[in-house]
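This is the structure, below, for whatever I ask next.
Letters are used for the chains, namely A, B and C, taken in the order the chains are written, and counting of residues starts over at 1 for each.
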Amino acid sequence: MILEQLIGNLIQGLVLGAIYGMATMGLSLIFGVLRVVNVGHGAFIMVGAFIAWWLFSALGVIPILAIPVALVIGLALGFIFYYSVLRRLIKAPELASLLATFSIGVLLEETAKLIFGSEFRGYNWAVGKITLPMTVLPMTKLYACLGSVLIAVLLYIWFNKTRAGTAMRSVVEDSEGAKVCGVNVEGVYAMSFALGIGLTVVSGVLLTMFIPVGINPYMGGPYTLKAFVIAVLGGLASPYGAFFGGLVFGLIENGSYTLFAFLPGVEPFALTRFFSCMMLLVILLIRPTGLLRAK
Amino acid sequence: MRADPTKYYPLIPVYVAYLAMFLIGSNMTGMWQLMAMLAFYCALGQAFNIFLGMTGYVDFGYVAFLGVGTYGMALGITKLAHVEELGIGIIIIGLALAVVMATLLSLAVGAVALRLRGAYFAIATIGVNEGFRYFIEGAKIWNGSEGMIFTAELNQIFGRETASALSTFWADVLVLIIAAAAAFVTLYYMKSKIGYALTALREDEDAAKVMGIHVTKYKIIAFITSAVFAGLLGASAWALKTPYVFPPEVFEIHYTVEAIIIVLLGGAGTLLGPLVGGLIYGLSKYYLSIVLPGFQLLIFAPIIILIIVFFPEGIVGMLKNRVKGTALEQYVL
Amino acid sequence: MSLLKLDRVTKRFGGLLAVDHVSLEIEAGELIAIVGPNGAGKTTLFNIMSGVFIPDEGRVIFEGRDISRLPPYKRAPLGIGRTFQIPRPFSSATVRENIAIGAMFGTLGKKVSVDESLKIADRYIDMVGLQLHRGKAAGSLTPVEKKMMEIARALAMNPKLLLMDEAMAGMNPKDIDHMVAFLMRIKDEEKISVIAMVEHIMRAVAGLAERVMVMHQGAKLVDAATTEALSDPRVVEVYFGGAPKEFKKNWKKTNGPESDKGTA
């Protein structure tokens, strides 16, 4: 019984993990290039979730088609915040960029509250389900998972095969060196921030395909924390590390939840979150460059 | 250190302000609540400044120290309510518990997180705060997510009238005293080697080490000091004022952010900054909640961004440069 | 007993051998220059001496005591002061406070109060000629002023050994002459041993140090009296590749500070 439930939940965890991974790539990209931790990360996921919800429930647009819309809005938000705020803070002490990104997050949350109110929203896009050995998987979850993998692969190709992608990688490695080699570092910063935000907003759409309920202006908070754990698992500065970190995290989260649920006298949901916080601290301590990355 | 009275002149404007807050609150009808709120924000800023302002490290989990302080007082009151001889001593025990618990937590967090720098430190502190909250809820210690309510115990110990005076008056007085004490410690640190060491490590940690500064030691000193004041603040402004403790509330990250705003607005690392920041933040929050209820955060968020981008030194930081070379110089720090 | 002794210290970064079994002894009151092209391992060697890096092999012995594994903040109070290649002032603090920090945590350490440290700072401010900038934020100084402030800060530590990283990079000839004279003076008046690291301002080296150690690719190439070392064919080879003869004729002309912009 336990085993069956565990395996079932682990399959779900893997599917969710792919989405988690995708939802963290933007955070890692921004940190890798700009050395800025986007503390308002979760708010951008919330923006994506509202885009999916609104398009579906107001206009009947299916979430898959919401992805390009989310990407465009995300890129736009990224460029706006980069040129109005982040550009001026690249050389400032960390305190400045941490607080600025946090404030941007609050601004988005409060704006969402102003527009949509603070109640919980959800939508129901029923497109059937498939039965796997130990669990049942709605097709929407499968689409979300496949979408995440596809986006990760596209990003990989983009990084390695295009000029802009190569420029970005060179800045991650050594921004001074890249500057000397004629890379437009300023442009790469703007591009990376916008792309990071774009990816994050898209991941908000994908997340609602996995969990189509609980859409609310303040839903981002827990995702920010999860994204930190995942990013740290993957080495903080590496988008692919983040993707694999997401897979690992999805497995651990669902696995530990299943096991905690069998413990008497505890609250498994809270304990799972406690567990991921501990994971974060332990990894930061023993291996701040990430578990999945060679030194 | 030999006593040189001019060293302590910068405390004069700070103490005048706190005294004025007390006098306005106790003499003008209807003003006490507002003054109490301002005192809380000033004290919060003053306490957080000792770490954030003096070291430049961003602790996103700062509220956890207020949280454990609240638990310290709550535990003291609920566990010892039946010991009648204690009387007012139970408050002292509660405060002592708050100090001990805040110290222990800051030692534990410091040992782990203060090895990390910059963004890694900030992320770790978020993890600590959330982790601690979910540990309390998940393992169901101290009543787990249900929290603790101890109005009945307070009434039983002190009688209804005294208990009410405790939460509507004495708790706030205590907050003012904590603010004043934190200001004193800030100045004392600034004028001693601790302050010089902290300035050095804030500006350049590696250079500070080569200069002979044991940076970990000084970071821990600032961290514990700041945490102890936060614990005391939680015990008085939260536990005594509103006799309950509820995990999602006492670990709410927005309090940390309010503390950061106050310190930054006033001027990080200055003595007067947290006071100025606390007053401005508290007053504007109060009036915004009357004029535009529910929109405070929507208005604050862009303001913070503007401050960070255009006035990173804060109000007192700018003022300090203005009064340089004038007679006011020794009062503005 | 020598003041500082490096005994076959070695430091690797991944596959790169940054410092390769380097031994060196410096006596009390001696002034030596370490020269070598960029990437020769000089800065790594400095970092091993000041404790920023712990050597993979070999020992660092200071006044007879093995300090190889001692962290930097414990070495400073023993009497090792240093400056940095690119000055690293505590920018928001004033010049006076910066220098006082040196006094507070150096060898005098617990013996001096904050007030006494500030008085000591005043003395070194006068010595390096920064009187007009006493109350200015250190971040607002010019690069040369920052360099002087950093030297004053290191001297205020009252060190027995002063490590100077690229003391003269980016200076014009006049400043270099001043600096050389200044270093000679503090060596004699303050009784401090100095290890000065110089990328390739030979002129300064010739006027400054009695002894030179030349490094190349992480290893010690030559350790000898200055005149001897500078005419050593191996040194010439390292610096000027295949043109030793022209070099010998012209080295004084070609090694003015104009050719040193890359080190600034």
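Assume a residue touches a chain if its C-beta (ideal position, glycine included) is under 8 Å from a C-beta of that chain, and two chains touch if they have at least 3 such contacts.
All values reported here derive from a predicted model rather than from experimental measurement.
Centroid distances from chain C, each centroid being the mean of CA atoms, peak for A.
The central chain of the assembly on a C-alpha centroid basis is B.
Chain A and chain C have CA centres that are 48 Å apart.
Rounded to whole angstrom, the centroid-to-centroid distance between chain B and chain C, based on C-alpha atoms, equals 44 Å.
Chain B has its Cα centroid 33 Å from the Cα centroid of chain A.
Among all residues of chain B, none touch two or more other chains.
Contact residues on chain A toward chain B in their complex (touch as defined above): 31, 35-37, 39, 85, 88-89, 92-96, 98-100, 102-104, 106-107, 109-111, 113-114, 221, 224-225, 228-229, 232, 236, 260, 265-274, 277-278, 280-281, 284-285, 288. Put simply, chain B touches chain A in their complex at residues 52, 56, 58, 60, 112-113, 115-116, 118-120, 122-124, 126-128, 130-131, 134-135, 137-140, 144-145, 253, 257, 260, 264, 268, 295, 297-298, 300-302, 304-305, 308-309, 312.
Chain C meets chain B in the complex at residues 50-52, 71-77, 82, 84, 88-93, 97, 100-102, 104-106, 109, 113-115, 135, 153, 157.
Across the complex, chain C is touched by residues 1-2, 4, 191-193, 196-197, 199-200, 202-204, 206-215, 269, 324 of chain B.
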